[in-house]
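Questions regarding the structure given below will be posed in turn.
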């Protein structure tokens, strides 16, 4: 199929390349002409503006927007909408908040423009491993785009088959799913990221406990000096907690045993927060996912005002002095 | 009544003075002769050794040990036991782990020495306000000691009476209770401290949210610059969350609005941890009490190893760079 | 002063009565004519419609809206705005989300109508104890309304004075504060409720640990059967954790020792959730406040889907059977 | 090598069979003669008592004890020790608390009996996939036993190699590690299980949020009805959160979409609790691991006493009625 890729950063370029490798045609556009040129060298058709992009496609046009969520995506889609015709399809492959998808799909439906949201996981490894995709949109449109998703997805690969799936949608086994109407794709991707935070924090705390066991605050006969790179490595084989994130722990620890090259000031994208908001809307207790998010907040400050208030109260009732130096 | 006070630190001296003010006689002992001398000036009988303490009492002897929990208390009680006679009473008023009380009471029972554990709350304010006491031991012994506890307790005071207590133990309304056999007093005190951590952390987080509202990371029209001393003060009157800990917040914030004089590296005594251990033995979920304890641990380190592992994983899957400077 | 009270439920009626007791005049309105009649018997002027309310006041009119947050308040204020003149003042005393205040104040400012938000704590006890008030709005308007707030507030009362407040706003010591521009009052009240959840959960978990200590799953020599009404009572006097919420625990436990008359399915108003949203916007870790909210969610379901997924995983890796009956 | 396996339950039998498949000789013993007979049919030498076991081995004897932790393991090792000679080796392959290992190794060292603890992960799948092993003991003894561990371990398998491991212990890449002195093996295994709880709870909460999105408490345009078996399946391929536990989610959900066959009353072995105790000894905040453990406690009760106390407080301050039916 022929489609436009708008935004040729790491993800947009990776997706474009994988699609071209599978025989699809890409009209590429990016604010940076140099970036466009680079992709054109690999076989893409270069476009010089959004209008140019539209002109280089035939109805029904397919346009994949791969930009940072928020204003860049919002503005681009608004501008595109002015150039498109009924039946054309906009795909938002970024990290858009799913409620924005719901709103946007309604607005575009007024102009008979079709809207599909695609949450993708796989990061920088996707070009090689394939992209895991969670898709929202109406059934006909998602079906129409199937060759694109099929090409991008990892496919069956070497992953063991799950029993009892005969009557279930075969697309999931290839690494992509139609999650529901517009917004459902990004919603599933959002929860994916919420879980990711929880998993990461579980490993982080576990390794913290392992490392703490060598502390000289413990009695000598209760102290172990455990090789953390070996622990991560050994758990990769046959253990209940093997995972791709653990693979990454093993890689990181093998290269830098004490992780001295990392600051430990951990950023968070919006998705962890949105997952908690969704949990609260549904009245679902999500202690682990929330604690994982808060650990990141806490990692970015030295001392909270709350900590100081604890010191002040302790001084008040017990004369405990925890003064600043 | 006549009793010995062993350990004349802030708490031991305060208890002694309040007892003497209520007509009881104190035989005082401390490692520091100077400290003993000071109390003697206020009317106590000075003792120069544990043996001397025992010699200055008549059977059944009453000895209140007010020392740091652990070795100091353990060793002192072991030594005392060698000098005492059947029917004598040892009171441990420190912060002993309740399982040590259970063990110790059994050991002393073999020598017919009676053991009573008293958990006290009230900190440095106790001399003035009276001490809130939770007592473990056998009924007859606790009853025998009642004049002592009655003198130390705050009494009815100005606190509003609780309805429906006519058939309940009147001692609780005076500020002391017989909680059960040996260990029960310190157990109730331990849970008291566990709750204390939770309450303190709730205020700490709330004020953190209030303070964060002035952050220039928020849009200007969503920003408030709220007087935190005024908030603490206003909540003291008529609000659902008024408490003595809030009074202390108000005092601390009025004196030092931004709490710049406090380090925010918050210590914890063992009781918070023991409360969590008890919760786990009982399979009781205690998310709030535990989170409060962990916030203190976290306040004492700049960056955890776990935080760095998060950075390492993020670098692994997304090329996110969170390197140390 | 003369002002209208719109909404004469428990809170609106209580506020009206306290104001009239302090010499203010109330024009009362409620959907229920019977309710209006009742207040009129105590001296209020009865109004039969919002238009009638407006007609019975003189410019600058003062109208206190005391209705459930959301549509009832929103619609009433919108309708009122149509009848008012520049300079008139609308007070929202309900539990409105502070971002709605910010928006609403802007909208009304276009018509030169002044908007003040008042968060009140004190519940059903306010009529007697006075209402603790957190106020948002512009300085001049809040100052103009001072006689109203002064009458409603608890006043200095018997609460001990906080040192070092000489240079601070004296209103806080009387139980009300001007927190900032429109929205700031409800924001402070919202955080108040977030803290309230945390405090309540701390007591709840502590008493759960105390009760669990009598479980026959523990070895007999580790078991205590502690009088929970007495614990709550004793902690009210001289302990670090005395508070008004603890007073309520004591009242509840004295009347119903095992709390058999309560379902334990605990509702939450929106404020706990909003506090967490604010914490996330500010990137403030709020583990305790969040855990307290989640405990309420969890109290309202028997078994979560997540619990079942744990069972399914355990069956998968270990053959552990946790099947439903 | 020739060694004894004491305890031929699922794990003991699986380990024995894998060892025999790799050319080792097993002397098998179990309380149940029938169970011994079954293994003998597969080539093991049957023993009829612990004494008989010892008689059928030559010095230095190797005895692998594979029994439930606690009394069964403790008593068996104590009895064995009476029959063994200096230089003999006891391996504890169960789920023993690592502090018991430390103590036990010291006691046995007095008799010059060597002690090795092996934590194994892999559950019922180990026979096929190999067992992931974490080993504690002195270097010479662990080296001596290497052929046994090498046979049991999964080996390199198809798992991608971790870069930068050239100078690190190659055993970890085959699926076993020497973690440190006695106790270190079970310590690492314990933390493994602590992490396992955290990972499982992260998935559980995520799927709970996905499922809650179909709740009819949400506005219709905010509701999605997402196929959970498809979500689990799609995340297995190329996503950041792929893992073996996710594979198990996919298997469970494919077979029983709503998990109606599971009770959701989730048991916990001691290791989750021990991990939290270790974290507290080290003052390491472990919010996620603890919340995961508490979720299991909570899953096993309908209503906590704490929940009821919340209801009682709410009734106290607001007249909110949450009475039991």
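Here the chain labels run A, B, C and D in written order, and each chain numbers its own residues starting at 1.
Following the convention adopted for this analysis, a contact is a pair of C-beta atoms (placed from the backbone, for glycine too) under 8 Å apart; a residue touches a chain by one contact, two chains touch by 3 or more.
Here the structure is a predicted model, which means the values were calculated and not measured.
J.: How short can a chain-to-chain path be from chain A to chain C, counted in steps between touching chains?
T.: Graph distance in the chain contact network comes out at 1.
J.: If I average the CA coordinates per chain, which chain comes out farthest from chain C?
T.: Ranked by distance of C-alpha centres from chain C, the top chain is D.
J.: Counting only Cα atoms for the centres, state how far chain B is from chain C in Å.
T.: 31
J.: As a quick test, compute the distance in whole Å between the mean CA positions of chain B and chain D.
T.: 38
J.: How many angstrom lie between the centres of chain C and chain D, each centre taken as the mean Cα position?
T.: So the centre of chain C lies 47 Å away from the centre of chain D.
J.: Give me the residue numbers in chain C that touch at least two other chains, ranges are fine.
T.: 123, 125, 201, 203, 205, 208, 212, 240, 244-245, 251, 283-287, 291, 294-295, 298, 304, 306, 317
J.: Help me check something: in the complex, which residues belonging to chain D touch chain B?
T.: It is residues 240, 273, 276-277, 280, 283-287, 290-291, 293-295, 297-298, 300, 304, 306, 317 of chain D that touch chain B.
J.: Going by the contact rule at the top, pick out the chain C residues touching chain D in the complex.
T.: 10, 123-125, 200-201, 203-205, 207-208, 211-212, 244-245, 248-249, 251-253, 256, 259-267, 287, 291, 295-296, 298-299, 302-320, 322-325
J.: Can you tell me which positions in chain A touch chain D when the two form their complex?
T.: Spelled out, the residues of chain A in touch with chain D are 99, 102, 121-123, 125-126, 129-134, 153-155, 157-160, 162-165, 168-169, 171-177, 179-181, 183-184, 187-188, 191-192, 194-199, 201-203, 205-206, 208-210, 212-213, 215, 217-218, 221-222, 224-227, 229-231, 233-247, 250-251, 254-255, 275, 278-279, 281-289, 291-292, 294-295.
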